[in-house]
Amino acid sequence: MSRTPDTWILTAHSPSLLGTVDVITRFLCEQGCYVTEHHSFDDRLACRFFIRVEFRAPAGLSEADFRAELAKRVAPFSMETELTPPGYRPKVVIMVSKADHCLHDLLYRQRIGQLPMDVVAVVSNHPDLEPLARWHGIPFHHFPLEPLDKPAQEARVLEVVESSSAELVILARYMQVLSAELCSRLEGRAINIHHSLLPGFKGAKPYHQAYLKGVKLVGATAHFINNDLDEGPIITQGVETVDHAHYPEDLIAKGRDIECLTLAKAVGYFLERRVFLNANRTVVL
Amino acid sequence: MSRTPDTWILTAHSPSLLGTVDVITRFLCEQGCYVTEHHSFDDRLACRFFIRVEFRAPAGLSEADFRAELAKRVAPFSMETELTPPGYRPKVVIMVSKADHCLHDLLYRQRIGQLPMDVVAVVSNHPDLEPLARWHGIPFHHFPLEPLDKPAQEARVLEVVESSSAELVILARYMQVLSAELCSRLEGRAINIHHSLLPGFKGAKPYHQAYLKGVKLVGATAHFINNDLDEGPIITQGVETVDHAHYPEDLIAKGRDIECLTLAKAVGYFLERRVFLNANRTVVL
Amino acid sequence: MSRTPDTWILTAHSPSLLGTVDVITRFLCEQGCYVTEHHSFDDRLACRFFIRVEFRAPAGLSEADFRAELAKRVAPFSMETELTPPGYRPKVVIMVSKADHCLHDLLYRQRIGQLPMDVVAVVSNHPDLEPLARWHGIPFHHFPLEPLDKPAQEARVLEVVESSSAELVILARYMQVLSAELCSRLEGRAINIHHSLLPGFKGAKPYHQAYLKGVKLVGATAHFINNDLDEGPIITQGVETVDHAHYPEDLIAKGRDIECLTLAKAVGYFLERRVFLNANRTVVL
Amino acid sequence: MSRTPDTWILTAHSPSLLGTVDVITRFLCEQGCYVTEHHSFDDRLACRFFIRVEFRAPAGLSEADFRAELAKRVAPFSMETELTPPGYRPKVVIMVSKADHCLHDLLYRQRIGQLPMDVVAVVSNHPDLEPLARWHGIPFHHFPLEPLDKPAQEARVLEVVESSSAELVILARYMQVLSAELCSRLEGRAINIHHSLLPGFKGAKPYHQAYLKGVKLVGATAHFINNDLDEGPIITQGVETVDHAHYPEDLIAKGRDIECLTLAKAVGYFLERRVFLNANRTVVL
């Protein structure tokens, strides 16, 4: 699971066709690359193929040549590939509102090296979490939401994302619905944490909904955002038991841990190139 | 948790009033009863009080006198009480259709003494599970459902329940919706197992719904039935992780274990007098 | 996870060498076999390579030719391979004593097709579980243990295993220590369920040990047997929370469910060819 | 579970005697106190009684009179009681070495009010975590351990504990064995987190031990310290599944979350007066 510092990751997906595994593994072998972990999955209902390989390359491997040759090989399979060199750290923007637990948790994990990412900015519609971001040395942008001016605010958010070349946006309890346009711009690269076991309790105040319903389990769902509120492809979910003695504020308190763990797990999967979109579902290898 | 063979159980609930705990514990003390486990909970939002006490009574205690005196004491509190003598085994009717896993599990637990109940009948709209019931020496009633004659079929079901003085009906994967009338007749004494984490995936084929949604957890919910389909008060819920490689049939297979364990747990709580109705929720002490 | 009825399984392990993945996948591709799931793992500390592939073969594939050619290809890698054709059901012997829960659970899972195995015999040092075996139509052998005659009894056990060509022996709460000789004869093909979280609470009465220690979790461990009592390679472990109110008999009751689930899971992994020995540990792909 | 700001907590334990519940509940009723949660447990093997009550007191209750009268009432039962007024926050000293995850987690929970305690000092044998303590505004004491001078160092630790009237010492990954004398001075009020599922993998480097053993679950144990290393009464335990792909550094990473959650849970139980010593075990009400 942990990788040596010289480990590359190659992922790919394509329609289901004979030879998809072989085209990858044969190429790696010919290049003198040593496969340390390999996982492929063929979805027989969707007829889609997914593969993720970790490998060590021989000294002197030319990344450019490797990419060029690989592209040639996989072309007949309509395969999309992604190559991640050793030590690569994706740039990430985190969006928050007032609740700090997920931000606190993500920045800690970044700091100790558990989440290999570079958080280039924290963006919020409230000023509250600036000290926390600053303590970690990360730029904080306060973009307040004026009642009639969501498009302008979202334009500023998008400007931060694009100017920093962030490849991932984490909505770490950002309590605003994104516009359809922003959702579309961030498709496949924005992960939200919703504080319920979706599809149960979509929308506002899910813990209060859960209390009223009298459920005996509460959970959290990390998912890619899309145009449908709380309906994007699910990456992972966490859960804990509760009982009659949990008032809404107890569910909220218990939920904080689940949200942190579930979001961090999903982000980790993304950074390790384990997550693939598969229509409105995900494959996690 | 396990009880000595001379242990009684006393439960009660009432509006929240000063003195509700004391009226019970003082009475028990005066009667020379030794409390071995005591749990009370006051719901400060619903303003309802719930209590469950296990105790050992002195030799020669008159149950009739105990009940009469207790009734007098608690009268000022509008308290409803239930007293369960040592060794009492509730009579139970189990309803099934074709899937046998929950029935198989419940009858095994009864046989080894883990569920202290007397299953007086198994009722089904299909003949398939008769051999299983017979092997355990339990009468099996096949009441087929004719398209236009649900009322007649349900009348036969109710006749079995009432003539046997069953105090609990277990819907162990009974795949028919009960009429409003039967639901109402069985209110508070019929437990259903639904194969999803309610309120997610109500209704038919929840595992197929779960597959299409791409959830990463599946579960089961044991609940009292009421007039709203899959909406009755929840007693307990179970859950397991799944991934992209679980096709619908894999969810069904995985779900069988969760359903068995969740239903058996809920039935155990009921038999041990741990479950209280609290409007559309439950308190489990 | 579920497989179509025409799915083959190929597993292999070898020292870590460049080309191990490629030799398998290239051969499969050349044979026209379509890989539906592929998982390989290279243990960088042990320098051992493990691979498991599920694939669909083209019509008319000759198994004999496939095996012969595969053997030639992998020879340079000191690779041991195992090929499992579609629909193959391993023969299994189950050993029990008096506790019936694991046997009851395994035979049920066999009957509904969840464990694709043929139980050819149940062997016991006590006569108690004969009716259960008979109900499932499985031969039952009562081989009592005479104080000074363990070798003779074990010879009879081994005779059943070998004459039936059983490739797996399941010790489903068989409460006798096997001799070093029998352990050695069954190495890598006998799975035991121990009712504790090994390495905690080895030996007799683990639930009583757990009670005295005051642990807040109890569990079960499914492992291959070897010459060291309760020290063989672990396949999987299950766990549940407990509290101060669990007396030893409550731990035993709670443990039954964990034991059944943990043993069934381990047996399922074995039948699906997911388990590899890796010195005194296992790899489960 | 959450309490209104005017809630008191009363706990008590005594030998098992008729009248122990009644003496508490009758007294509370006479004082006009309203019980909101009540839990008692009688250990029938140890013959010890444990009780925990949350209640709201009438306006104007004199704490001194309440305590005096209570003491008189319970005297015949050899009962030890502890009364915790609303809003009481125990003083706590946290001991650490170099690993910061537990400290980071505990201070965060204190700051957001989830752990109602006042951390009066952080003590360490290393200087590394001073910035973290300082950021939270908490005094940090660096007491290095000189090879032959453990008694002097421990005297300084004890001086901090006693001069601050700390009633709880948390060993949040303090990587030194305490002397028998210090253990004895802190008995019943020092909680340690050990990074294994005790009694498995006592002592140093438990994750490396777990890796070598090939376990499929790793966990953490929060326990009171006593003179036997890693043998004190267990308060709570946490666990997660792992597999063959987890190298020791992966177990360490995964373990951090379990350690944080398990320790925070145990500290929460302590602060809420839920934990009772019961010989070498605990009762958690």
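Assorted remarks:
Order as written gives the chain letters A, B, C and D; numbering starts at 1 within each chain.
By our rule, a contact is a pair of C-beta atoms (placed from the backbone, for glycine too) under 8 Å apart; a residue touches a chain by one contact, two chains touch by 3 or more.
According to UniProt, the chain labels map to these proteins: A, B, C, D = Formyltetrahydrofolate deformylase.
Owing to the predicted nature of the structure, the values given are computational and were not obtained by experimental measurement.
Among the other chains, the CA centroid farthest from that of chain B is the one of A. For the interfaces B-C and A-B, the C-beta contact count is higher for A-B. One inter-chain figure worth recording: chain A and chain B are separated by 41 Å, centre to centre, where each centre is the mean of the chain's CA atoms. The distance from the centre of chain B to the centre of chain C, with each centre set as the mean of the Cα atoms, comes to 36 Å.
The set of chain C residues touching two or more other chains comprises 37, 41, 44, 245, 247. For chain C in complex with chain A, the touching residues are 4, 16, 18-22, 25-26, 28-29, 32, 34-42, 44, 51.
Contacts from chain B toward chain C in the complex involve residues 1-2, 37, 100-101, 104, 108, 112, 114, 135, 245-247, 249-250, 253, 256-257, 261. Residue ranges on chain C touching chain D, taken from their complex, read 41, 43-45, 197-201, 213-217, 219, 233-237, 239, 243-245, 247, 278, 280-284.
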